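The structure that follows is given in the form of structure tokens.
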Amino acid sequence: MSLLRVENLTKEFGGVRAVADLSFAIDRGRIHSIIGPNGAGKTTLFNLITGVYTPTAGRISLDGHDITALPTAARAARGIQRTFQNLQIFFNMTAIENVMVGRHLHLDTRFLPSLLSLPAIRRANRSAAERATELMRFVGLDSWLDADADAMPYGALKRLEIARALAAEPSLLLLDEPAAGLNPKETADIDALIQKIAASGTTVVLVEHDMKLVMGVSDHILVLDYGQRLAEGTAEEVRSNPEVVRAYLGQAAPGVG
Amino acid sequence: MKRLPLGTGGLLALAAIVVFLPFVLPNNFYFDVAVKTGLNAIVCIGLNLLIGYAGQISLGHAGFFALGAYSSAILTARYGWPAPLAMLTGAVGVGLIAFVVARPILRLKGHYLAMATLGLGIIVAIVINREIALTGGPDGMTVPAFSIGGWRAVGAQTWYWIVGGALLLAVWLSLNLIDSGVGRALRALHGSEVAAATAGVDIPRYKTLVFVVSAVFASLAGSLFAHADRFLTPVEAGFLRSIEFVTMVVLGGMASTFGGVVGAAILTVLPQLLAGFHDYKHLAFGAIMIGVMIFMPKGLVPSLAMLLRRRPRAGAGP
Amino acid sequence: MSEFLQFLFSGIGNGAIYALVGLGFAIIYNASHVINFAQGEFVMIGGMATVSLIAGGIVPVWLAMPVAVAVAGGIGMALEKFAVEPAALRRGGGASVVGLIIITIGASIFIRGAVEVWLGKDFHRLPPFSGSEAIDIAGAKLDPQILWVLGGLAAVVAGLKWFFERTRFGKAMLAASHNRLAAQLVGIDIRRVLLASFGLSAALGALAGILTAPITLTKYDIGIMLGLKGFCAAILGGLGSGFGAVLGGLALGLAEAMAAGYISSAYKDAVAFVIIVVVLILMPGGLFGAKSSERV
Amino acid sequence: MSNRLLQRIGATAFAVAATLGLAAAAEAQTIKIGSFLAVTGPASFLGDPEAKTLRLYADRVNAAGGINGRKIEIVIYDSGGDARQAVTFVKRLIEEDKVDLIVGGSTTGETMAVVPLVEEAQIPFISLGGASVIVEPVKKWVFKMPHSDRMAVEKIFADMNKNKLTNVAIIGGSGAFDQSCRKEAQTLSAKYGVKVVADETYAPTDSDMTPQLTKIKNAAGVQAILGCGFGAPTSITARNYRQLGMQNIAFYFNHGVGSQQFIDGAGGGAEGVKVPVAALLVAAQLADGDPQKKIGMAYTEAYKAAHNQPISTFGGHAYDGFFVAIEAIKRAGGTDKAKVRDEIEKTKGHVGVDGIYNMTPADHMGLSLDSFKMVVVQNNTWKLLY
């Protein structure tokens, strides 16, 4: 059974269909990519899957359960995590606290014990901090453990978002342009990180403009254009699809971010 | 975590101030000012959770403060309830009201949220002004002494210790909450609602929670205020009182528990200092509000703390 | 019938005042995304300055009104220059809503305090422009000054329409309100736009204060409630919509008058706030506000 | 947050306390009169002239050498008309400034709020508030100067009886002063055979009373209107009354409108309005033999000269309060609080601008109904009727 199934999904903004009658499925345990020209509806799709937007029509199911009507937080509880194209960092907190928020679903958040700082809460706090530290090391942020988030450079913040998402131990991780704005060295690091994450058993879905990265890591690619499915398959199949080539010729050639 | 020992240190320092301040207060008038400072500080600690930490706005918290105060006053004076029960009933009632209005209101953002809370506060003030049979109207009403069993809490010095204890308790609770998963969730929804929701934070639940908590803090402080001063007027519910609370929070420092305390102390003592200036006091008060916001937008405590820490910081945000 | 008409006149008269104050909120909000809580004080300055100029014999009577409007405009610009701008522009677009609210409320307390000290605490009245003999319409009495207020409101609305649609600077202000960054890129000086918006809405407020002083009288502390009601009008109309603010103001005035007439005059003041809270809960964007969706 | 920071805050608190403490260590030789008045806020029309009057006459007495060789020091705090602020300032007057007696409390609300404090501290207190509740029942340390609002309503109802007007409508604000007048009117109506047939309220910030007046106009059989209030709303009410063409209904106001401002603000609307006021307002029109004429005119001139403002009856309350206190201190031969209190209570035949005071242990106000004068607005000025 597929992990994520999207059926006849449609989203309209004032008459404009950003996603139009789209259906596809994401299998467990692989790296998937969603590509397409600007305005193809990729980020809108992520917003629909995570519940930031409510679809105009259609159905989204995770593990066979219909999640179309669930709010974002409830979807997170079912194992969906994401990062953002425009960074959504908690700039009012330290780096490690950002990651600790990612642990939210695994914490004891009962109000009264928290207010009284009961031993159980303090224990949970400590273990959350430990886990957050591990994750920051995992994504390569060892040197930023004590930093305030607003003092960190862009590249580090992109990793911080990934660490925060991983802290929730997701079954499905959506990465929205993880390599955008990064230099080749940083992009290569992200490439390795994505593979490491996938290897640990998390299903990764990538929206990305960097075709070298996409073609290199993806087991499966979905191509969108005007909110509709243009093509689907392995890197090789997509690259040789004449429709995809035509769609991309309209703007820059594939491979340019 | 680094914050915990710092918070504990601050709490101990505050406790020391509470214990040693009486040795330098020359007479009961100063004790009275200290009591008011403490009660305002408790409101500010709660309000700071809402404004400073969770990033919401309330221009109507004087309404909750006054509801707590008048609940205590009316239930004890008109119905003869025991003071602790009246205080508790007030807090529960205010909590319920806050709970009911929180969800629809906290969907609003920015100026719309400001207007809605402002409107609520003013409605409370108008009702208190008009329901003269119950509240005494604009003339105010006298409040019986706070008593448990045979013991009556009267006199500025007695109240100094009661309020001092309550303040330390409030600071301790606030520090606990902030340093828990709940507190981080609140700060997260300030930083980015969508990211917080993605991390699994139930946004409406947490907004409601913090609104209710801050309202109950205000209500309890209001109840104590009513009994400490033994006299209550609708001015306590007014728009300017709400603004005063918010200004205390911002002046002392947003997202800083001790900031709320410092802001409350300054803005409670300041009018007493300005009392001698008569006609010019409004002029001076307005100028101070503007000046602080321009030159110390982050508030006193965070600005000073930053100077002391000298931690390198990049520009705020992208 | 005559009773209803009487309430209607009362409501329109008050509503026109709220509309003028609300319009001031809308202009400033559009240009700067600042809610100027000192807006009500400009209404007060308009009335008090005119009264003082006439009483002091400083300028001839016919000149007192334009001078008072200019004085208010100048104070508005000073407020922007010395209080709002240092806070609003320093942190780019990240100026905190609460901080700006406190600054403009501080300014309103300051202005009120200054007038209290220099012009006194008494209330004053300007002579009506065309006598105070009421006009009889179907048994209801209409204060002729209300016609002046309505005429003023119409003139202001027409003038603003012309200014924002026809003049270069007006168009620049409008552009800046839609997209500040883009406006800056095409060479519009944001500081000048902000300055002008405060000056303009302060002058509008003062005009409202002068037109209404014969009806409502004027005093150093009338600005507080007027400011709050004007804010209600602006929010009711959907922040930033001038047209909405005018409709919102008239709607509030009418609702108040009808409530005072038919329900309870004791709770008249609460009407505006009950309406605003209910509207915000049911229609979070105000009655005429565009729905904005969040972009991630 | 750090300990150092908190220490600094503590140090600042010490410094503030020390500064305030120094101010308190004033000369013990002066006679200290404390006062809390509504100098600003909605009741500033009361507190402002009261404060000016207290200062004016303290300076005059000091210039003339003081009382028994001791200078007078006046300490005035602005309560803004808020009773709770008044409580704070009275604590400050008693605890910090250690005043010898208190003359103040512009409003009834402020006064009633501080009565328990004053009684507990056993300090003489002469209130400038209006309501009869201040001295009924008698409180040992509390006195009051102005006529009671009950007396104003009685005077008005008596006048209505004389003119055979029985059906009265009340219009007044939501403030304390207005509400007290309204309550007295309801209570006294039976005694004078008057029927209250309508009762309308406006907010202190209202700027148009036509809805309320329209309802009164359309209520059946209204013969007279009783206005309860003060300040701008009263002028607006009078103006709207005229615009609605209601002159066939008699219009009375209580004593809250005792100033020229009311007439000017109404823009002709006040013509024919009757008001019971203190003799002070019409001092010049009093008969030459009237003992109040000389003192009233002297005060009027002195106040005008000092502030270039017309007098109001409210400043007159402070004038009377000040001199009742001074005379009592003179008679007591010092500022012993108990002696001063006793002497205030023994005030007999004291001619003030509000009337002639005759206090007794049972009457801590000492004015009679005839010290109120009924006046009518004629040609934009007050005209004495009787």
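Lettered A, B, C and D in written order, each chain numbered from 1.
Throughout what follows, contacts are C-beta pairs under 8 Å (C-beta built on N, C-alpha and C of every residue); 3 or more make two chains touch, one makes a residue touch a chain.
A quick note: this is a predicted structure, and the numbers were derived from the prediction, not measured.
Distances between chain centres, each the mean of the C-alpha atoms, put D farthest from chain A. Of all chains present, the one whose mean CA position sits nearest the global mean of protein CA atoms is B. Taking each chain's centre as the average of its CA atoms, chain A and chain B sit 40 Å apart. Between the Cα centres of chain B and chain D there is a gap of 35 Å. Centre-to-centre, using mean CA coordinates, chain B is 31 Å away from chain C. Each chain gets a centre from the mean of its Cα atoms; for chain A and chain C, those two points are 47 Å apart. With touch defined as above, residues shared between interfaces to two or more other chains in chain C number as follows: 116, 224, 266, 269, 296. Looking at chain A, residues 52, 84, 88 sit in touch with two or more other chains. Under the contact definition stated at the top, the residues of chain D that touch 2 or more other chains are 40, 174.
In the complex of the two chains, the chain D residues touching chain B come out as 1-10, 13-14, 16-18, 20-21, 23-24, 39-40, 51, 76-78, 82-85, 87-89, 91-92, 94-96, 107-109, 112-113, 116, 174-176, 179.
Contacts from chain D toward chain C in the complex involve residues 40-42, 44-45, 48, 174, 200-203, 205-208, 210-212, 214-215, 218, 231-232, 235-236, 239, 242-245, 261, 264-265, 267-269.
The residues of chain C lying in touch with chain B in their complex are 29, 35, 83, 86-87, 90-91, 94, 96-103, 105-114, 116-117, 224, 228, 231-232, 235, 239, 266-267, 269-270, 273-274, 276-277, 280-281, 284-286, 294, 296. Contact residues of chain A toward chain B in the complex are 50-52, 71-74, 76-77, 81-82, 84, 87-93, 97, 100-105, 107-109, 111, 114-117, 121, 124-125, 128-129, 146, 148, 150-152, 154, 161, 164-165, 167-168. Here chain B touches chain C in the complex through residues 51, 57, 59, 104-105, 107-108, 110-112, 114-116, 118-120, 122-123, 126-127, 130, 194, 239, 243, 246-247, 250, 254, 279-290, 293-294, 297, 316-317, going by the rule given at the top.
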